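Just so it is clear, A, B, C, D, E and F label the chains in written order, and each chain counts residues from 1 on its own.
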Amino acid sequence: MTTADLLRANLLSPIALSFALGMGARAVRSEFSLPKDIYLGLSIFLLWALGLQGGAELREASLTAIAWPALATLGLGVATPISAYLVVRKVGRFSAADAAAIAAHYGSVSAVTYIAATTFAKSQGMEPEGFMPTLLTLLEAPGIQVALLIGVVQAGGHGRPLREVLHEVFTGRTMVLLVGGLLVGFIMGHENWAVIEPFYNTKGAVFRGALCLFMLEMGVVAAARLGDLRKVGGFLLGFGLGMPLVHGALGAWVGTLAGLSVGGATVLAAMAASASYIAAPPAVRLTLPEANPTFYLTSALVITFPFNLLVGIPIYFRLASWFGGTP
Amino acid sequence: MTPIRLKLVTIIAEHVLREHLTADLRKLGARGYSLGEVEGEGTRGVHAQDWQGKNIRVETLVSAEVAERILAHLAASYFHDYALVAYAHDVEVVRSGKFA
Amino acid sequence: MTTADLLRANLLSPIALSFALGMGARAVRSEFSLPKDIYLGLSIFLLWALGLQGGAELREASLTAIAWPALATLGLGVATPISAYLVVRKVGRFSAADAAAIAAHYGSVSAVTYIAATTFAKSQGMEPEGFMPTLLTLLEAPGIQVALLIGVVQAGGHGRPLREVLHEVFTGRTMVLLVGGLLVGFIMGHENWAVIEPFYNTKGAVFRGALCLFMLEMGVVAAARLGDLRKVGGFLLGFGLGMPLVHGALGAWVGTLAGLSVGGATVLAAMAASASYIAAPPAVRLTLPEANPTFYLTSALVITFPFNLLVGIPIYFRLASWFGGTP
Amino acid sequence: MTPIRLKLVTIIAEHVLREHLTADLRKLGARGYSLGEVEGEGTRGVHAQDWQGKNIRVETLVSAEVAERILAHLAASYFHDYALVAYAHDVEVVRSGKFA
Amino acid sequence: MTPIRLKLVTIIAEHVLREHLTADLRKLGARGYSLGEVEGEGTRGVHAQDWQGKNIRVETLVSAEVAERILAHLAASYFHDYALVAYAHDVEVVRSGKFA
Amino acid sequence: MTTADLLRANLLSPIALSFALGMGARAVRSEFSLPKDIYLGLSIFLLWALGLQGGAELREASLTAIAWPALATLGLGVATPISAYLVVRKVGRFSAADAAAIAAHYGSVSAVTYIAATTFAKSQGMEPEGFMPTLLTLLEAPGIQVALLIGVVQAGGHGRPLREVLHEVFTGRTMVLLVGGLLVGFIMGHENWAVIEPFYNTKGAVFRGALCLFMLEMGVVAAARLGDLRKVGGFLLGFGLGMPLVHGALGAWVGTLAGLSVGGATVLAAMAASASYIAAPPAVRLTLPEANPTFYLTSALVITFPFNLLVGIPIYFRLASWFGGTP
């Protein structure tokens, strides 16, 4: 498959099309949107399924197989917020608070991008390692932590104490469902998992079908903020497209070094490239209240998320194939 | 059972402040509160969580003195960085012993 | 099967029974009802599934096969609001605004009636054409448009400008999900559809199961308004039962002429016979505010909807079989 | 930080009027509003959408003059055909610069 | 179209009382009400249904006389056993014929 | 299997683990919880599925097979509230109102405990009788009725009239969905059931998967009230653990006498042992407003429910096996 083929295949996937439809609905000024509780319910189901299956598959994995990838992931969790901070502060000349706020988002991870990357890799016949959800949970928190620390030190944070806020990150919806799901899936054992698997399998029709509905709303939400693009200026637009490519390349490379398969490295790359828009925003809002939410929300949700979803993932797959020696 | 006069303080704020605001109210002397959700528009644009959570609307029945304390505290602690609206007015309350 | 057999089979279907149970719950003054967001979520799922499958099946259809049925549908979209208007205005002697308001509902279409008719036809071994959802979207808007135009001209509409309101009809939930689903289902291609099909297939257990829950609530909602029957008087009661029979016969006949199968003609007949109670009411409320909502809501939702669901559909099937020459 | 006196105008209306009412408020001089949902009963029976959407309850903090303008406009434009309730009262607001 | 002065009575109560309270309001002379949901904390702990339903917040526009009747009735019938807060204040209403 | 094996198997079930995770999330002060409407929607789905399948299976049952178990169930519905009342009043020395309030909860039944017991029995290779959901509906109301009657007579109820309140019990969500589902499932016939069965089957992946999500929230809810344990004192703690054992043993014994299989007797025992926390609380609150909600909610929801779920059910299975002569 050429890169163009990959891009096309990705753009024709139900996930991408549903997202595009959601954006399109907004573009014609439709008032369509999912009820908030349905949207929340879908996100809970998706994360919970991800965790459960990850836990069930974790039983098969050996500790040695996980050790290096886990280390690589933590490394990305420290490196990516720093690189993001430096670029926004030094090149973009944003305030320390704004730079740290943006860095917290790009140091953390978007679970939906993770899911899309996994789905794409599997549709290309790859099999990302069963312990990838474990890596996802490892990447959620450190980036936020590192960036907020920088922010508080540099900007003299007059917001809420860091420790208090980090507790909310560690016990947020995403973490409870992912870490909890991993535990429950791991403990329940193969027989129990087999009973509920058709409902939760992330390759199955229920999961994929629910994901389409979810993406529909993501499209609406992202498009509703398109107007903010004018407010953030050219630098953040370039940053929102360029930073994921850099982080994605780094992720693909480090993942391959750590021994991940092409599928696994693709997913790790997408994770590194993605920007959190669920866990990071409230933590940033409370710790660095002087940072402008328009900057970090717009770049994470309106620029980087659609970019990764529609264009980035096939590129990371290309890179991972190349690093992995299967071009 | 003659009603007495108390202040009803209403606060409209970003969802992210929920825990902090209700804790503040307790500390400043309120004996209770009621909290609903509203959507809103104001002079600021984007809120941190406006696609995750709506604004909260908190009401608390308090003595005039506590009301003043609350409004002063809100002005000092939140007005600079957060989207927050607060106002107060007199109401007649039966069962007043509970509140002041 | 005799007509009596058809009626019995229809009344024993899970859809009809769930609807009846919802009505029954209300009748014993139960406060049972589905949470509003669940109800909305179910309706979104059902419409979206309808659209997706329609789009997937549209790939198989030839343009020539669709042309005549599409034309027939548009014809019904113009004829039915006019006939409804004339009957209510001239025979019923209602005000121009009230007549136009009612006509807007009977000129448009009820998606749930469409689904019930499709389900019934399939349960009778028929295969309505794959492009029926396309016809559904074609019938949604014109009837409302025509009737509101009449209303504004005749009653001198002091409500909102027609154009503004029609935009809301064209970008409403039903249209976004149906038209959007058609597009997404069409574009994604067969392989992608196969993955999510078990979740969305309108013949499958998930769709049918969700439909039962939805009908439960429809029953509660319709029964909650039963008291309004007394307010609308005998004419509208007769109208709500008779008009669908006329429009249904017309739809079955025109559909057969246009080359539809017996299953397809049955569904088109049910569409023509049905009255909108989702897209039409808000449009009417804004454009013709002086029209009495009790009149149009009661006839569409409390009289015509249950009538079609429980009795009408088997009759339209009979008529379509007869026109189609397979009695 | 002495609070100033403003009007809080509250409007309860059919859901279908949402976009129109909030647009009206802006045009008449309101700088913001908060909107919640309520169920209700009144003297009219059926509402156009009452099984799809609840009533809306819109609150807006405005100057006395704008309040008067809003109430007059509502009476002229909506009272005849729509189920709509509106009332106003004085409140003490801190951060008054935002509103008037 | 000069506005007239009425009372707005607000009641916050356990969800379980919903049907009873709204029936009471009608009986005591209210011509309508609006009902929303709030969460709350007060001096009591557990509510019977607080994990099933939130508190209700009922507002009704009534004449001063009816308001007094309502508050007296609430105090007599509910205050002893139920978690219930009620208060009233003056508002200016247009379209006043509906309410009193 | 030894009792220890049974306990372990139960604790490792997805249901128990999900519940434990929900409690754990609360324990680390996470704010995670399911949106209220999703939680309600799940409960509606679960009860509706239960009813439908029960109705479908009821067609196979002979009237004579049901007669004795039905009588036994009604007997339990009268005996258990009385025993609970006497213990709380005479031993615990609580007020008549408090004792009657608690008795109403223990005389009625928890549908979730019923579902968990059924799931457990089936996982042990048992086949509880197809008419068990019928027994569930029989046990829902009488216990509340009997206890409230005692309460009103003894405490001189100054709350709402009993009759008015009982109407709410009989037309509540649980009764509508269970009784209604039984009717609909019974009437629709085998062919119709077969179409929707994969969605509703209580042994299937959808039902079990949805149950896990529901239990997650139950865990959060129960844990949120753990603090109330200190308020209720030692007597109610002992009561909340001991009373279910007594009622469970009684249920297993009576069920076996009435001719139920080991699986059926297990489920009947769990029903008798369980305490209602959906139907009973509002009825009690309105009829006996002077009773302290902390007492009855805490014992039913925080003590007895988790006890039955995690420990009780395997014990009742043991007892039923023993009474049934298959140890």
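We adopt the following convention: a residue touches a chain if its C-beta (ideal position, glycine included) is under 8 Å from a C-beta of that chain, and two chains touch if they have at least 3 such contacts.
Remember, it's a predicted structure, so these values are computed and weren't measured experimentally.
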Open item on the list: According to the touch definition, list the chains common to the neighbour sets of chain B and chain C.
Closed with: A, D
Open item on the list: Applying the touch definition from the top, give me the chains sitting in contact with each of chain B and chain F.
Closed with: A, E
Task: Chain pair with more C-beta contacts, C-F versus C-D - done: C-F
Task: Chain of greatest Cα-centre distance to chain B - done: C
Task: Of all other chains, the one whose Cα centre sits farthest from chain D - done: F
Task: Inter-centroid spacing, chain F versus chain A (mean Cα positions, whole Å) - done: 41
Open item on the list: Taking the mean of the CA coordinates per chain, how far is chain B from chain D in Å?
Closed with: 20
Task: Inter-chain centre distance, chain A versus chain E - centres from mean C-alpha coordinates, in Å - done: 47
- [ ] Going through chain F residue by residue, note those that touch at least 2 other chains and give them in order.
- [x] 35-38, 41, 206
Task: For chain B, residues contacting two or more additional chains - done: 36, 89
Open item on the list: Judged by the touch rule stated earlier, which pairs of chains are there in contact?
Closed with: A-B, A-C, A-F, B-D, B-E, C-D, C-F, D-E, E-F
Task: Touching residues on chain A, where the partner in the complex is chain B - done: 158-160, 221, 224-225, 228, 231, 278, 281-282, 284-286, 289-290, 293-294, 297-298
Open item on the list: Can you tell me which positions in chain E touch chain F when the two form their complex?
Closed with: 14, 16, 20, 45-49, 51-52, 81-82
- [ ] Using the touch definition up top, name the residues of chain F that touch chain A in the complex.
- [x] 12-14, 17-18, 21, 24-25, 28-32, 34-38, 41, 205-206, 208-210, 212-213, 216
Task: chain B contact footprint on chain E (complex, rising order) - done: 10, 12, 36-43, 55, 57, 71-72, 74-75, 79, 84-89
Task: Complex contacts: residues of chain F adjacent to chain C - done: 35-38, 40-41, 44-45, 48, 167-168, 170-173, 175-177, 180, 183-184, 187-189, 192, 195-200, 206
